[in-house]
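What follows is a pair of complexes built around chain A, which joins chain B in one and chain C in the other.
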Partner chain A sequence: MSRRALRGAVLPMLLLAAWEGASRTGLADPRLLPSPEAVAAAAWHGATGGGLPGHLAISICRDLAGFALGAAAGLPFGFLLGLSRVARTLLGPGFDAVRQIAVFAWIPLIAMWFGIGETAKIVFIAIAAFAPVALNTAEGVRSASRDLLEVGAVFRFTRAQRIRRIFLPGALPSILTGVHLGLINAWLATIGAEYFMTAGSGIGGLVIEGRDRFDMAQVMLGVLLLATTGFAFNAIAAAGEKRLLRWRRV
Partner chain B sequence: MPLQGGVIAISGLVKRFRVDGAELTALGGVDLWIAPGEFLTVVGASGCGKSTLLRLIAGLEHADAGVLSHDGAPIAGPSLARGLVFQEPRLFPWLTVAQNVAVGLENAPLSRAEKALAVAEHLTLVGLSAFARAWPHQLSGGMAQRVAIARGLVNRPDVLLLDEPFGALDMLTRARLQDELRAIQQRAGATTVFVTHDVDEAAYLGDRVVVLAPRPGRIREIVDVKLPARRDRADPRLAGVRERVLRALGEDPGYPRPALVADAAWRRPATLAPAAVLQ
Partner chain C sequence: MIAAPAARAWPGPRRRLARASAAAGLIVPLSLLVLWQMGAHRGWITPQILPAPDAVWAAAADLWDSGDLQANIAVSLRRVAEGGAAGTLAGLLLGAAMGLSPAIEDYLKPTFLALAQVPSLALIPLLMMLLGIGEALKLVVIAKATLVPVALNTHRGIRAVPADYKEVGALFRFSRAQTLRRIVLPAAAPPIFTGLRYGLSHAWLALVAVELLASTEGLGYLLVWGRQMFQLDTVLVAMAAIAAIGLALDRSLAFGEARFARWRAPA
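Coming up: the complex of A and B.
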């Protein structure tokens, strides 16, 4: 492990130690804050027979499906907004207004339109992922270098060449920022969808179920899993960005 | 090598811009005939329309009046037969050096192998073969501008247009690139139009020096540089050319203190090229 990764692990380790200490000394009520051992036992039980991997897989698949849908819509929409002034004046204000709606405010509407099943959850996640992807793509495309576009004109670039050679790579840093944010948003939305549209499985469902049964070890386990998975998504996105943007000065 | 083509004919060229609602005449009637294979330098104070003239020849701007033609055909837009090198290198930061040169060939009617060969040849021409796979941010200013020159030449245009390409470089790099450019131009045989505000540079590089006067931009004088292709910066005849160019510029009150500029112009190349002085 690198020095930096080790340093990053200091805070979680301290928290874990404090948690352990609080449980041992009886400072924390074990009914409200179960000991790390109890959570580990719940994890072991869940992993061996409680269907924990299944719940995790369901959440991740749901997240990725929604994210893919949102990003697939957000990218072309962002490109359209970035490239066309007409599209910007026509769709820009509407998009800005819709964006002001907090993502969780969509839940009642979505529930009415799509029920609370799988479709509704994926639509909700897609909406959460759409905005940052569309917004950052539009911003990146709009800020394409006039100087390079002129170079393109000198070499008689076609529209397709302009997009492929100038707009797309020029906007890539911004697009990846949007994708990264979209991924984070999608994961938050996945949890939200599982909390609020509680039909079915997934880590969020597990947490709610734990709360209802007053099984705090299961709640803690769920929260920890959500954090770890989010962290993993974040790390994967960051590594992908680094790889794709290796032409940039570091 | 395109020795036959590359004639640029300009007559009655007028270009106006709207700046803050006011109309500004950038070029007010320019007549110019540029011979094939000629190295023409255009010099003038900033705002005299020299870049505008170059951009019009490139086809990036449209004239308000007058005629521009390249080998008899009116110039209606950019053409691969006219290469343009900007003041800044304007390299694509996400492409390697070789890929940046290849950008020039994007629309050239060549096979993949022919393109690769042309790119390699032009990287050799500017002395950057070893940097083919480098990223632009790894290059010095002089190297980046060399890549831009290679990109401008890779189509083997019969006209090469350069807009103060060495303006941002330090003196030594600048002097070296000037020599390289002259050598490259002689090998490639392309008609070359080189815009600069540096009188030394204009005199040292040009077969003819066009002196522009500002507001509205027009030709004040064309100075014939009757000197051999291989030049010596310390050649006293070059000083005579500089003198004439400066005098032509001096008639324009917008150009500051010609006597002082002339003095500096006389000294700078000598300190730059001690070997030449010793000969």
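Coming up: the complex of A and C.
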């Protein structure tokens, strides 16, 4: 192991040792800080019989459903804003204004309109995913190179050809950035939806239920799962982005 | 910078065009507003789904006259100021320490990156159990949200200072303090400022989240209260206030960022 990796491991090891020591000696209230073994036991119990995989699957499906909805609306809207000057003039300012609303502030309104069930959660996640996808698509399409458009004019490209051969490849990096950001936002929104609209299952619901029962081990486990799932989404999106843009490096 | 003189050569038509397009941008929102007002008054839209614009305006006026709106805005702004200041200070120190010392970076960075992966929102229920639902909770959540982007950008900014600059400093036999003040700080200032801007927008988002989950005052609480009372007009007013203040905070730092960029451009 390199010196670097060893150094990086020092602090986590110290923290783990302090955690273990504090719970062994009874220095920490086990209700506030359960021992590492207790958290591991909760994880084992949850994974084998407590339905943890089911909750995780529900959260992930919810996230992807909302994301798909938001991206499916955001892509054409972004293309419209990027391609048409008229659309940009008419719809741009309204979109910019609505975009300023901090995303969680939508929750009470959505809860009043759709209740706190599955529909409300998915609508909220879709709203969160929509803005970055639309914004980055519009920017990418708008910045399509003028030179390439002239080449397209020389070849007498039709409108469809222009979109497929010039705008789409030119805007792809920006679109993928938007999709990536949309995915990150969607996961944040999934956590938010499950925290604020507590009906139903999912990892977020599990965290809130753990808090209500003052079960710290369950809460810690849930937060850890939420963070690692977000990390995995991010890593997958980054890898996908890199793969889809391989041709650019040639 | 190249386009600027050309733009100045024909200010008339351009400015007129900009004004015309700004006016055109109002067409859709205004028509929607008119449609909304008509729909509400003809009973197409029930007030339980969407109260009429004049009702929302009246609710805003009521909230303003009673002082409720200002009081809640003041509470929210104070929380963002306190949590944001604590997070900024800690983030600057952490980012600078990691940027200046490779050893500190080796020790702290993996743990810091792991913490950065945990969304501030996800931490709120856990922190509620540890800290209760008082001001300490808001301070910690907002400070954490601010700290991460500030530390990351400070770290990156310092790391990206070109080696050539440092060599020039070495040539002049700059002391450590001189190198920091004359070379590192000016070169790293723009990315650090970008970090501050991200930090503030994260702080505002975290504020709304924490006030929705656990608060008895502030703009987020106004949203919750409006929902519980089935007062959609109050909810809409609070949403508008959240958007306006968020925009104002971001624009003020964007202005500062642009100033920094301009000051840097001639050099």
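Simple rule for what comes next: the second predicted complex is superposed on the first by the 219 of 250 C-alpha atoms of A that agree within 3 Å, B and C clash if a C-alpha of one lies under 4 Å from a C-alpha of the other, contacts with A are read in each partner's own complex, and residues count from 1 in each chain.
Basically, a residue touches a chain if its C-beta (ideal position, glycine included) is under 8 Å from a C-beta of that chain, and two chains touch if they have at least 3 such contacts.
From a predicted model like this one, the values you see are computed outputs, not experimental measurements.
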Joint occupancy of chain A by chain B and chain C, clash or fit: fit
Which superposed partner A:Arg213 touches (first chain B, second chain C, both, neither): neither
Touched partner set for A:Lys242, first chain B, second chain C, both or neither: neither
Chain A residues touched - chain C or chain B, whichever exceeds: C
Chain B versus chain C as contact partner of A:Gln100, first or second or both or neither: second
Chain B versus chain C as contact partner of A:Phe196, first or second or both or neither: second
First (chain B), second (chain C), both or neither touched by A:Leu11: second
First (chain B), second (chain C), both or neither touched by A:Arg24: neither
Chain B and chain C, minimum CA distance [Å, superposed model]: 5
Residues of chain A that lie at the interface with chain B and also at the interface with chain C: none
Touching residues on chain C, where the partner in the complex is chain A: 21-22, 24-29, 32, 49, 103, 106-111, 114, 117-119, 121-126, 128-130, 204-205, 208-209, 212-213, 220, 223-224, 226-227, 230, 232, 235-236, 238-239, 242-244, 246-247
Residue numbers on chain B that touch chain A, as the complex places them: 58, 60, 77-80, 83-84, 86, 88, 90, 92-95, 103-104, 106-107, 135, 137
Chain C-touching residues of chain A, taken from the complex the two chains share: 3-4, 7-12, 15, 32, 89-94, 97-98, 100-109, 111-113, 187-188, 191-192, 195-196, 207-208, 210-211, 214, 216, 219-220, 223, 226-228, 230-231
Partner chain B, residues of chain A touching it in the complex: 147-148, 150-151, 153-158, 161, 165-166, 169-170, 172, 247-249
